[in-house]
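Chain nomenclature is as follows: A, B and C, assigned in order of appearance, with residue numbering initiated at 1 for each chain independently.
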C-alpha cells in the first residue's frame, strides 16, 4: 500500500495505482473532495494502453516519495504515473500547473469548430466541461481552422473528424473490443486523422461503443442524429436478455414520451461505460417493449449546459474572431443529412 | 591539433573495406574483449571512460548500460540510432559512409558487454545508400567470422541487421525508433517503462547513437582511463562536430572536448572563420538547442572563454547558455534574419510532430503560423508575447522531448533577438523582401546591445 | 506553409499491383530477418520495395498487396505508410527532387535554389510537371548541411549545388529519362 496526498487530501491505495485513480478514489470517498481529480480526455479505465496523449490530466509531483522526496522536474500525466509511498501531488493548488493545463485546453480548442449548437454531443461533451472548468474566456488563435468533411463509417456511426481531439479511445475499442480493426490514425502531426483510409464501413457487433467512449462529438450515433438535444430526453435504466455472450444488456434508454430515441451504455461518475454493449441492443432495439425498464437514471448533472452556465455574463466575446466553419458546416447542408 | 580516435585512419586508402580497416588495426577491440575481458570488465572500461551519449542528451553511456535489465531467458538487444535527423547534424552519415567497420566493431564489442546476440542499426530512409554501405560491410565482416556463431572461438554469437526508416525526425527519439523498428508509426512511447526494461519486442534494450558505439572501440583498445584523459571534467574524449552555415570550411571535425569556441569557429584547422561577412549568431548543437549571439558563444556570462564541452556550452543556463546537443554546429552571418530562421526551425518541428499529444500537435503549427506572419510583414507587437507564451505552454508538457526541442529555439531567439522581432513589426514593408538583412544588416539598438 | 495534400484513397483509376518475382523474394527475405512472430518489423522496408515497383508511389492496390504478403490488416499498412514522409500517397514524376529547405541549408541558399527550380520547371514545390518528368518537393533536413544546398533524387545526394549545377542536373536527368527510386543500388 502507498500513501499519497493530492491537493492536501491523503489516501492509502494499493501499489501500482496511478495518481489519477488515487484521485478518483478520493473523489468517490467524499464528493466534496472531487476538486482533486484531474480531468481526463483520453484515458479510459477499461481500455488497455489508453491515456497519456491529451495531457489534460497533468499534475505536479511536489514530492516524489518518502524515500526520494525530490519533486519531479516536469508535470506528469497522472493517468500513466504510478503513486509512490509518501508522494505529494498538486492538481489545482499549484498555479504553474493550472496555467499549464490551461495551455493544454487552449491547444485542444484551437482547431475545434465550436459548432456545439449543431453538435449532438452538446450537453454531455467532455470538451465543453473541460473548457468551462479549465479554459480561458477567449481563444488567441486567429488562423483558419483545420476542417474535414464529415463521413459515414457504416449505417450507424458518423465521423466528424473536425471535432476530434485524437484521444485514440476509438482506436483502442477497435483493437480490443472488435474482432478486427478497420479504422485507425492516418497521417501525422496536426493533419493526423481518424480514418478507414479507403471508404470502409466499421461493421462489428461492438463497434457502437466507439460512440460512447468518444469524449467529443466526433463519433455520433446516426440513429439519434438531430433527434433531440440530450437534455430534453428522459434517461431510464433498462435491460433485456441479450443473446450476445459479451453483452449483459444493461443500458440507458433516452426517451421522449414512450419513444426510444437512443440507447447507450451506462456510465459511471467519471463518464466511463460500466460495461460495453452490443450493436443489436444499441441500434436495433428502439422499441420500449423490447426492454425491462428499471427506473429513472440518476444523471450527474455537472455538465456545463445542464447547469445553465452558458448564461453567465462574459467580459468579452468567446472568440476574437468567429469560427469560420459553423456557417460553413450549415452551408454544406449538414442538416439535410438527418 | 587534437588526437583523432575515430578519424585517425579515415583518409587511409581502402579503409572502407574490411581489409584496409583491418590493416589499420581494426577489430582489435573485439579480439581484446572476447579473448581477454569479461562483459563486466568492458562495461567497467566504458564507465571509467566517462563517455556520454553523442546523440544529443549526453547521458553517461556506462550508466545507461548498467540499467539494462537481465531477466533469465529473455533476449536483450542493442539498437544503434542512425536516424540522424537533427538539423545541422551529418557526422554519423560521414562516419558510416567512410569507415563503416568502426561502427560494426563497436557494435560487436558493446553487444558482448550487454549480452545481446542480435543488434540493429536503424538508419533514416533518406540514407538508403549508406544502409547499402553498411550492409556490404556487415556481409564482409560475417564472411570473415567477425559476425555469426562462436566469434573467435569465444562462444559469443552475434549478428547485425540494418533497418531503414522512411522519413520521420521523431524516430530519432529512442522509443519512437523502437516503434518504427517494430513496423509501426513512429509514435514515442509513454515512459516508464524505459527501453532498458521494456524496449524492442518488449525485451531489455539499449539504444545508442552511432558515434557513441564507435567510441567504444578506442575505449576498449586503450582503456577507459586513457580515454578520460582527453577533455575537461565530465566532458571526456573526442566529439564529432558537424559544422555548417556561414563558415569558410564546413565539414565534420573530431575535436578534443575542451577546445575553445573561438578556436573552433575561427581557426583554419576547423571552421576557418566567417564566409566574408561578420558572425551574428551560433547554434552549436543542432536546431533544438538555444541559439546564442556570436559574442555569447565565445564568452560565458562571466566573461571567460567558452569551451566546446557539455558544461561550458551550457554555462549561463537557458538564459545565457546553450547546449552541446548532437554537435550539429551552424553559424549565421549578418545577412541572415533570425525571425526567418526561427520560422524555418518551427516549420521543421511542425512538419515532424507525430501528432500524438496535444501541446506539440497543435502548438507547433500555431507558432509556425505566427512566425510566418511576422516574417512576411504582417505581424503585430503582441505576436512576440504570444509566441513566448505558446512555447512556454509546449515546453515540459509533452510526451517526448520534441516539444521542448520545438520550444527552445523560439524562446532563445526571442530572448536574444527580441529587437529583431520588433523590427519586423515596425518595418513591415522592408521585411517583405526575403533578403532584407542581406541588403542592409540589422543593427542592434543600444537597448539590446549584448553586455 | 505547405498545403495539405490528401492521399489517394481509392483504387479507382489506378493500376492493379502485384510484386515482381524478385520483389516478392526480397519481401520474404526481409520478413525472415526478425525473431519469430515479429515479421511486422519488415513493413517499412517492404513498403519501400512496393513503392519502387509502383512508379514511385503507394496506391491502395500496392498497400493492399503489402498487407496480403505480410498477413496484416489493411489499416495497419495505411497507418504506417501515411506517417512517413518518404512514402508518396499520390502519383509522382519520373524523378522526385527532394530539395532540403531546413535552416542549415537555408543559411547556404536553399531558398534561392527552390525558387529557381520552381521557375525552371514551371511548378510549385509539391507539384509534378505536366509531362510527368519531375516532382519537386521541399523536404526537411537530409543531413547534408556541410554540403548545402543540396537535393536528393532517388538514392543519390546532389551536394554543393549552385544554380548552374542544378540546371545541368535537370538537363542530364531529362535526357536520361529513367525512373529513380530510393532503393536504387
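Please note the rule applied: a contact is a pair of C-beta atoms (placed from the backbone, for glycine too) under 8 Å apart; a residue touches a chain by one contact, two chains touch by 3 or more.
All values derive from a computational prediction rather than experimental measurement.
Asker: Could you work out which chain's C-alpha centre is the most distant one from the centre of chain B?
Answerer: Between chain B and the rest, the longest centre separation is with A.
Asker: Average the C-alpha coordinates of each chain, average all protein C-alpha coordinates together, and give the chain whose average is closest to the overall one.
Answerer: That would be B.
Asker: Ranking chain pairs by contacts, what comes out on top?
Answerer: B-C
Asker: For chain A and chain C, let me know how many angstrom lie between their CA-based centres, rounded off.
Answerer: 38
Asker: Please compute the C-alpha centroid of chain B, do the same for chain C, then give the distance between them in whole Å.
Answerer: Whole-Å distance between the two chain centres: 25.
Asker: Any chance you could list the residues of chain B touching two or more other chains?
Answerer: Within chain B, the residues that touch at least two other chains are 168, 185, 351-352, 354, 369.
Asker: For chain C, what residues touch not just one other chain but two or more?
Answerer: 79, 83
Asker: Where in chain A do residues touch two or more other chains at once?
Answerer: 185, 187-188, 191
Asker: Once bound in the complex, which stretches of chain B touch chain A?
Answerer: Against chain A, the touching part of chain B is residues 168, 185, 190, 350-359, 361-366, 369, 386, 389, 392-394, 396-399.
Asker: Which bits of chain A are touching chain B when the two form their complex?
Answerer: Contact set of chain A toward chain B: 51-56, 58, 73-75, 77, 80, 100, 103-104, 106-108, 110-111, 140-141, 143, 165-166, 185, 187-192.
Asker: Taking the complex as given, what residues does chain C use to touch chain A?
Answerer: Going through chain C, the ones touching chain A are 4, 7, 9-11, 60, 73-76, 78-79, 82-83.
Asker: Taking the complex as given, what residues does chain A use to touch chain C?
Answerer: Against chain C, the touching part of chain A is residues 180-188, 191, 195-199.
Asker: Okay, in this complex, where on chain C does chain B touch?
Answerer: Touching chain B from chain C are residues 1-2, 33, 35, 38, 40-45, 47-48, 79-80, 83-87, 98, 101-104, 106-108, 111, 139-148, 152, 155-157, 182-185.
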